[in-house]
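What follows is a pair of complexes built around subunit A, which joins subunit B in one and subunit C in the other.
So, the complex of A and B:
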């Protein structure tokens, strides 16, 4: 445990140095993560105004709160693994990671968390700025706001494990960009980024409830905004834990199979 | 004419290069269709709650999606790959070879790389436009069609000049390709009418990153709500930016010292 902590701290220092050096990648991701929610916020506010002030239980202020919170949650939980893994495998960078005595996922987590620590110094002021422009209405419920912290951490871990698992598709195919884009579209709609999920037709809501994406993005947002009953919050938490177990198991199985294949190719 | 002939030559080179990798066609087709599904899916959710968005009817917004795909396809087909190659050749000094050729250098660098599979986006965009027009029941008059063509040309010229100006900056700064990526990510905002956005964002999308003229304005022409004033502004801006980018390019070329110098 102590050794692992040292690894994380060291990785944090490395990432910090690297990110300050390559600010461009940082800016690009950040712009995308700000622009998308702003676009949908503007669109839905227009719809709400034209239909007498509110749509499906959201007025313009609640839409503003939803999409600004969504921007922060999405940024907190996202990873760029699926775009990087392919490169890692084809260029053999993975070989170095395999030589280390610990699982390569730890370096990735530390890398990701350090990246977020830097970008949040930009995202939080931007969220404040957007709040001044769009006037969100926030009804904070104390228990929900407290539950938000563990739910967000769990959401981050589940999304990270799911994406790490999907990224391993690169062991089997070199055309991951098509897979990545498909994943991106599914997540866009079924996690609540296009609209709050309660605005979708019922069959889509059912599909979203089965898949993990809603529980890693939409659910923490709805919880923070105080839109959930304690029962709903507990159910969501239970689904998150179930997905945590499932994704951990899948990750282990696929990782073993993938690494075996990888060494076979390299030999 | 020379421009078209050169474009054709580079297009043929692109075809020859890519025919070795035919599976890429399927992959690109799949990705383009996914992009279309995303755009139309978003519209479907929104129009299940309203019948107009900021005054735009559903079919008009579908037309906007068509223009968005069409212009985006044209950018990715030739403008973006050519400009990226230009930036790279300035850094590596291979621009020397282009400059020694007898054709106009700006012409050459503007069409030097063609990603042929992006034609799929253009075809898809045209298809979406046709569907939207049929659904609009529009008896598209000759005047309206001409307005649309003019607005589209002006939008294309503005986007091209914008990219050329940014790429020309690479004569002084090394890492400009990152600014171009920012344009790519902001282009997505053009899928919606810019009139929806709050003032500051509308201003940015019109004058800082000229997305509005590339997508909203031509779509307005199709929907029959383009004023002569806007069209004139678009054409004037296009002309001004073409001249400005040309002048700036010549300053840049003069500054360029080559790799061997």
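So, the complex of A and C:
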């Protein structure tokens, strides 16, 4: 465990050092993550105002709170693995990773977390700025705010494992960008990024409850905003834990199969 | 453990899809994909003793890299046995990975944007090298490879040779017992090649490490390897001492004659290879070497005469040409 911690510390140092070299790229990524929720926020505020002040239980202030929190949660939990994995396999980077006595996912986690450490120094002031412009209404509930921390961490881990697992499709196909596009559309609608899931028709809510995406984005946001009862929060937490176990198991199985294929066809 | 590397009847078959050039062929391949099996490694058998340096030779596409990848656990053999330090490589057990290294001259593992020393620290953590050992090994490698001023510059600012030295150091920090070196000196200038060559010898000597080395530079092989394994089309062609390779595959000797003043025509004595500044190089069948030498000395005003084996490059070229 201490050895693994050492690896993480060193990996943090290297990726931090490497990433600050690409400040422009960081800014561009970050702008993308700000723009999307701001657009949805503006659209939904307009809709709310034109339909008498609120839509499906959200007024403009609540929409503002929802999308600002969503921006932060989405940024905290996103990864770029699915865009990179194919390159790794085709260019032999994976070979180097396989020669090391450690699972390559650790480097990815450290890489991701260090990226977030840097970019959150920008995201938080921007969130504060957006709050001044859009006047969110926050009903902070102490227990919910406290529960938000472990829920967010679980959300990050589950989303990371799910995306790492999906990224391994690159072992079997060279057409990963098609899969990626489909994935991002599904996530966009079923995670609560386009609109709070409460506003969707019931069948879609059911599908969203089954899939993991809602539990990694929409659920932490709703919890933070105090929109959930303790029972709903606990249920959500349980679903997160279930997805954690399932995604870990899937990741292991698919990783083994993928590496077996990789070492059969030529690394 | 009798041998560090053990290979028996090792095979690797790739299935490759192939098609003719052109749009029509591309469309056809959508419906019916024509595949072909390629035997990259085809029944290879050899052993390497602990501490031995073996040159692993063959033309491009002979199966050298495929074999090295099977030995380091990146590729699963199609058939046959392979063991390295008594481990089955493709299982990639951590204890195994900590004792080997694979250096590929054309690939980099160092992080491009940061100084090499930071990548080294990361390797220290990954390989769980105790701090004291790490310091000592790093000092030794820095000394042997003259890394001092390079370690703190971003890797992208280093020259190819400097980067290769850092790559090699990074690959050896955990002091592997078995080194697979695939063209470690490719693209480097002569001085840098010699430096790296000397270093490999020194590392082998100091730590008793086993080295399997591929190189297109015969100088590397001559300087480091007493024994060579030559493969062609995935099959073993020769396994033995370098000097025996020369004896076995050359039916010729080279006679260099220096003549006093006249530029006589020596075609009657053998095949004239070169003729410069009064030095004539002749190629003669091995069996006739003594007789030709005798005749040359008797017939001509010879100032100097030497009989040599042909250069190793030439021998290797002939070996591959025969197949």
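Simple rule for what comes next: the second predicted complex is superposed on the first by the 266 of 267 C-alpha atoms of A that agree within 3 Å, B and C clash if a C-alpha of one lies under 4 Å from a C-alpha of the other, contacts with A are read in each partner's own complex, and residues count from 1 in each chain.
Here is the rule we use: contacts are C-beta pairs under 8 Å (C-beta built on N, C-alpha and C of every residue); 3 or more make two chains touch, one makes a residue touch a chain.
All of these numbers come straight from a predicted model, not from anything done at the bench.
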First (subunit B), second (subunit C), both or neither touched by A:28: first
Which of subunit B and subunit C A:228 touches, first, second, both or neither: neither
First (subunit B), second (subunit C), both or neither touched by A:178: first
First (subunit B), second (subunit C), both or neither touched by A:162: neither
Contacts of A:14 with subunit B and subunit C, given as first, second, both or neither: second
Contacts of A:96 with subunit B and subunit C, given as first, second, both or neither: second
List of subunit A residues in touch with subunit B within their complex: 24, 27-28, 31-32, 35-36, 38-39, 42-44, 46-47, 50-51, 55-56, 133, 175, 177-178, 181-182, 185, 188-189, 194-195, 199-201
Contacting residues of subunit A [partner subunit C, same complex]: 3, 6-7, 9-11, 13-14, 17-18, 21-22, 92, 95-96, 98-102, 260, 263-267
In the complex with subunit A, residue positions of subunit C that touch it: 14-15, 66, 69, 72-76, 90, 92, 94-95, 97-98, 100-102, 107, 109, 111-114, 118-119, 121-122, 124-128
Residue ranges of subunit B touching subunit A (in the complex, touch as defined): 23, 27, 30-31, 34, 37-38, 41-42, 45-46, 48-50, 52-54, 175, 178, 181-182, 185-186, 188-189, 191-192, 196-198, 200-201
